[in-house]
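First chain A sits with chain B, and in the next complex the same chain sits with chain C.
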Partner chain A sequence: MFKKRAINKRLQPKSSLENGPQTEELAEPHNTSNLPLKSDDLTPMIHEKFNNTSDLKVKKYINLTIYYIENQINQQELNQNIIGKIKQADEITTETVYASIAINEVEDTDDLSYAILRMIKGSVALFIEGTPKIILASIPVKESRALSRPENESQVTGPQLGFNESLATNVSVIRRYLSTPDLCNEFFVFGTRTNTAVSLLYIKGIASEDLVNRVKHKLNQIEVDALIDSSVLNQHLDDHSWSIFPQMLLTERPDRVSDGLLNGKIALFVDGSTNVILCPFTFIEFFESREDYNIRWPIATFIRLLRIVAMFLSIFFTSIYVAALTFHYEIIPQALLVPLGESRSRVPFPPLFEAVLLEFIIELLREAGARLPTKVGQTMGIVGGIVIGTAAVQAGFTSNILLIIVALSALASFTAPSYTMGNVIRIIRFPILFMAGFLGFYGVMFGFCLLLIHLIRLSSLGAPYLSPFYPPRFQDWVDSVIRLPMKYTNKRPTLTRPADVQKYDPDKVN
Partner chain B sequence: MKSFLILPVLIILLLVTGCAKKNILEETGLITTVGFDMASSESILTTMVVLQIDPEAKRNVDILSSSADTSKGSRIDANLKTPKELQAGQLRVALYNEKIARKGLRYFADTMARDPSVSDLIYIGIVEGSAHDTLNHDYKNIPDIGRYLYNQFEQLTEQEQILNPTLQDVQQSLYSVGMDPIIPLVKRKGETIANTGSAILRNDKMVGKLSPYKSFFVKLIRDDFRAGNIELHLDLKNADGKNEKVVTVLDTIKTSSDLKLTDPKIPHIDAKLKITARLLEIRGKIDLTNPKNIKLLEKKIGQKLEQDTLKVIRYCQEKNSDVFGFGEVYRSSVRHSNLTMKEWHEKYKNLEAHVSVDFSLVRTGVTE
Partner chain C sequence: MKVLLSIKQEYLLNAFMIFFIVHSTQIGVGIQGYQRIIYSDSHQDAWISVILSGLYASLIVYIIIKTLELYETSDIYGIQHDVFGKLIGKLLNVLYIFYSLISFFVVLRNYMEVVQAWIFPEVPLWFLTTSLLMLVIYGIHSGVRGIAGIAFFSVTLSLWLLILIIYPLQHAKWTYLLPVLEADLIPLLKGVYHMTFTVIGFEILYTVYPYMKDKNKVQKYAQLAILFTTCIYTILMMVAIVYFSGAQLERTVWATLSLFKVVRLPFIERFEYVAITFWMLIILPNLILYMWAACRGMERVFTFSAKKSVWLFSSIIFIITQFVISRTQINMMNGYFAKFAFVVVFCYPLILFLAAWLKKKFTKKKEQSV
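This part shows the complex of A and B:
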């Protein structure tokens, strides 16, 4: 199933997944392993390892003992393909077991801890009297749901396929997109308690070896007891864990992962997680969508610019309103003066308080909307819309111009194709808002400068976060904020230091 | 380690500088227009148009006036009469009474320019009559006199019917050697306010007036037109040899002027004007389908423009006001001239100007 296998050293399994009887070891009569020769001795050992769990089943058949955890394995497969086949054999030895059972994934081990681990993951352990080996046949219950649409990263054009919670399925989806033997899959296990499977994918010949080694090094350094979701692994891998900005992309779109891999990025799949980590990643790439390549370049450029404008709008628009109304009435255009003044004249609060209040209400609505079940969520939207939209203005609580501005910047924050980046944009608005309220435009600029300094200092797996703007890499500009026709975007971005820079010959492409 | 140092610095930076003065919009009395008159030989009568942003107020603006010896002093005095603190940051138009203009505008221009909250792009106008009366009059159809004036100035500047009348322009010509300011004239006519031409200044003192028609020729030399328009009266001989009065209206006038100092002693200035325009309207019997007539028309218009330009130059010379900026040409052509405004005004009286117009019509419209 996997091309290559590198089990984390903490687990130290002695056998690999490669199938086939290992006769050399069997031929040795003397018991060198820590396994007993009799099932009567083994059974209490396994029971003890499992802390006498009640779903551990032990079945005996002549000289064969079968151990499995009831709900982890496929009962039908056990009966048909293992027990049913073994019964047809004349005698039961390791060879006949290997020969008769009709399961793809069979291995044997003399390491009990490894066997226990495999049993948790859905293997059946077979023990033959007199042989200090455990044969493991993997027949896990396939409880994963079918592949469905990506809920959080929807696109109008392009494939409507999202990852699900199964690592194997997710990797196979990527294999379908990238049918090349160069796609390397390296296997890791994380969490001393959870033993979560993690796959590291990259394309050999494109991804820089240096980068791959860096990720592997980082992965090997991490020692945690549990790993539930890829977003947690993402935070473990971040260069700057104090930063508010996400330094790696979490995506549920296979096309986006494939695209990243083709650009020399590295993907990390975590079993049980619908999101795949793509790294290294830059700030501007969070505002790019895979869809930009599916539509014609002028439209794609327009949409990308729109997202950038929306980002600035979302961060600074409310702040500018507050600063202008509190300190710099001079800059308000003459035509806006009367409408602005009239809408403000009934509001009893200073502009800063008014803006913070409204932003807070919008955040409340958003958070409530994310937590509520879908059916109630719609009602919530209507209630929020009416309560905030109409009643707050009529009650003289807020001015309607601010309402438009706040709604606009909330809307703008949702244009970021990455949900994590959208969250960040919404949050960094608040400190800048306070700075605007206390120091005016000086504060806004101060906040902007701090933000910029921070962004310049950031890195993602050692790659500069603000690339291609700082350090300036002009050849990457053709596919960042703008997107030029394919003829001009024939080079892979320098960010990942790809081994193969040229994507295709520009003369052979329109 | 570094971050331990940065944090206190940031906090100090924030706290120490955190004492900017708040001017919350609705708590501020926004002066949009201001007018100055002479109250007596010393004191100034200042009229301020203050924007009312209360939706329940009957009038959109509040007119305050006060007498003081300085313009800022009058603001302090007027502040006694208002519930909101008066601020000049939204000032858009400043009007000066003719009497003040004749006494000198330098002080007023300076005090405006020195106030950082006042934009350099406010419009300056000189009022024929009283500024107080112009602003304080209860116009039937003008709810907000400040906005009306501002829009009018903006519109006329865009249409190139008046010369750039901003504070910056006035300051520039006040302080540059070899150029005198020209400021639009404004007059209340019944229930409207009209632009009545331009006031020409010698240094900072108003010395004469030009009608809107004559102001056109000042701009012709001083600036370039990009899309101006004008109505010209011509005397033509038609095919029958009869004299005929023809009125033409030109629009999208594009000009470029080339001024050369040909003789620094007299001084003699050669002005070459290249003008193209579209014939928008023509009144009189003339056959436009005949290309000869168009050539004739072009020639006549060119002559007319030449004559009238010279007339305006002569008038300004009489008043000794160099609104055309000939002094700038002199200064840039003569090395080490160390020209002062006083010297130039002496020379300017004797200046000889030669104007040649190269006029062509780009379009005459559909004619049958």
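This part shows the complex of A and C:
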């Protein structure tokens, strides 16, 4: 029911624009709909709406006309459950059609545009002579692949299940994790040309109403012609579209989405997209993984700290090396100076050029690895890396110490559990590298300050991006960079302003 | 001009943010080398001068907050306007904007001096100025909450520098502190007077107060900030006294930075390079808050938008930096500024409080008699 209302709401103004006022005036007094009474009049109208597409089929059976798009419907179901059943009836009226069709989802409409839309989505339209109505029976072809392992967010422990491209399947997977009637699913349609289905999921009683309304308001404001993937919707919803940082999580893990929903977040599912948007999201949460809850807390804390260190290392390590070697060689201890000098003695380039070159090669390898087919990609990555690395050192292109540093920071950037965040870390390395090359530590610090101010300014759906550090929310620190035992993480994070703060009674858990 | 301000709920700050704002504004460039100046006044008792200056600062903070509490939701611009009338009020307001700008300039110029003297003697001044002004302009645009955030991170992210005083303490000669209380009251007070340049910064309360959420807690957190700052100053003073010999300290311009020279980590030597560049984060809230106070004044007094005045002030500062070049000029500027700041921060709040208090009492009586 909800589906129909949502779609109608969006389509009504458009159809009234096209042929609204005139048809209303011309329509006969007893026929309030814009549909004709005869199929001979209706058929050209539908043909025209579909621009005479060749896969539109029109079948006549006594006073019943059947319209459908050939590739969108299940032929077997049409024969068995619709035509087969109607043939058994004595006469064909709306009532008998309704009574005989053995299909779950049947509705009737007098809005042609709506009927057209449903036909694209896999409905059969039935028209009975003399009745200005179209009966729609939904028998879409279900072409979706089976649920498989998440490709981009792998975990050692925990469920190995990833979303697929079907909205219905994805939502049902979430329903399996969260079997509660409080899980609300609201339906939206996006794109004036693509009519993409979007589902908004949240748990009533946990998610703050203010937040849900804010998302809905934002969704209603967006007017686009096409929506192919959730990552595009994500960019439409961002507070700061100029920023390099992702402000919402794109994930293909149902357990992660369920966890987010339980913490008062809001999930957006886009039909045809394997990634689900989870919002609002903070900077530090991009370095948390669902797996951290599956393993014991000291290990989880260690791994989280490791990721944070890796992030800093990845952004600043090469820059510090370049700055130290270009301007501040005084800071390098004597014992280290000798091997450093030896390894750099054959290199003809200044450190900045050397570093940028090597970083560029690493980025090249990564991008090539992502584009190549899986099996070739892995081999190419390793072989290319080793071959280019050793050859570059032997040829006197780079020093082997820098090679270690660059490889280390590349490796570190892959520890971020979110692919989008990993990308950002790799990219912001370059401007800081240049600043280090021109201004030494001063440049690195300038980059750091700029980054800090930028992060302070950012927000995700109005929630501060650096929470729980700024604004300081100390009660949330138990589950941020560190993770304490379950007994102490019994509160939901303040970030989402959850309606129900307490997860469970801390006295009743270990 | 409206005396009382009504600030939207979403712009208000938690009371304990005042701790970070006050503390980060106090700690800036003064801390880099105040030891020499105070030492030349009160020698090994210099740390007593530092504590005394902290106590006096605490008193002034008390007075400032009492003044602000008389009006509840006003800042210095509104109070001066209300107390001294339209003309004199405006004059004083312009003077306060001028003071904020001069403070900004002094912090900026001194930091650049340090960068040029220690790390980059050859990098042109205009380049360093531009880079810092860029950060300031970007920071100001993030609004009050953003500025408070910069102050917060500036304090929390630089706390680790404090741990490093362990290194000079390994070479400490504690007998340098003896005999205690050799100095008379006059040199001690002279030391307090010379601490002005280092201790000021809490006058930011005058402008930031209306943005506080629960105003009855502001006093507590502001005093805590003063306590924390004074502790750091006292510790650093003592460390400098016990680490350097007297004659050496009198010749050390940037004693705190020189202390970092001793730090020796397995992967890094000459730690002061790191410390000085890291200092950028410490002076950043200083710069941003002073600039913000000035821009806020422009907004209040002349209804000139803050975003525009940032650009105006930045270009003015940029031009002025080109004229103050030599070390002697900077020293002279610091001397004049310290005197100016002594009047504005250490004396004027008392006068303002008295005037405001009398005015309140007067008007109340008038109301009662009517």
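Assume the second predicted complex is superposed on the first by the 477 of 510 C-alpha atoms of A that agree within 3 Å, B and C clash if a C-alpha of one lies under 4 Å from a C-alpha of the other, contacts with A are read in each partner's own complex, and residues count from 1 in each chain.
Heads up, the rule we're going with is that a contact is a pair of C-beta atoms (placed from the backbone, for glycine too) under 8 Å apart; a residue touches a chain by one contact, two chains touch by 3 or more.
All values reported here derive from a predicted model rather than from experimental measurement.
For the composite obtained by superposing both complexes on chain A, the positions of chain B and chain C are in clash. Touch criterion met: A:I456 reaches chain C, while chain B stays clear of it. By the touch criterion stated above, A:V189 is placed in contact with neither chain B nor chain C. Touch criterion not met for A:I266: it reaches neither chain B nor chain C.
Of the two partner chains placed around the shared chain by superposition, chain B is the only one that A:R344 touches, whereas chain C remains out of contact.
In the superposed model, A:V393 lies in contact with neither chain B nor chain C. Once the two complexes are laid over each other on the shared chain, residue contacts for A:M445 go to chain C alone; chain B is not touched. In the superposition on chain A, A:Y470 makes contact with chain C only, while chain B stays out of contact range. Of the two partner chains, chain B is the only one touched by A:L325; chain C is not.
Of the two partner chains placed around the shared chain by superposition, chain C is the only one that A:L336 touches, whereas chain B remains out of contact. In the superposition on chain A, chain A positions 327-328, 330, 332, 334, 439-440, 442, 446, 450 are in contact with chain B in one complex as well as with chain C in the other.
Considering their complex, residues 10, 13-14, 17-18, 20-26, 28, 30, 32, 51, 53-55, 60, 87, 89-90, 92, 117, 119, 144, 147, 150 of chain B touch chain A.
Interface of chain A with chain B (complex): residues 324-330, 332, 334, 337-338, 340-342, 344-345, 347, 350-351, 438-440, 442, 446, 450. Chain A meets chain C in the complex at residues 327-328, 330-334, 336, 439-442, 444-446, 448-450, 452-454, 456-457, 466, 469-472. Every residue of chain C that touches chain A in the complex is listed here, in rising order: 14, 17, 115, 119-120, 123, 128, 131, 134-135, 138-139, 141-142, 145-146, 149-150, 152-153, 266-271, 273-274, 277-278, 280-281, 284.
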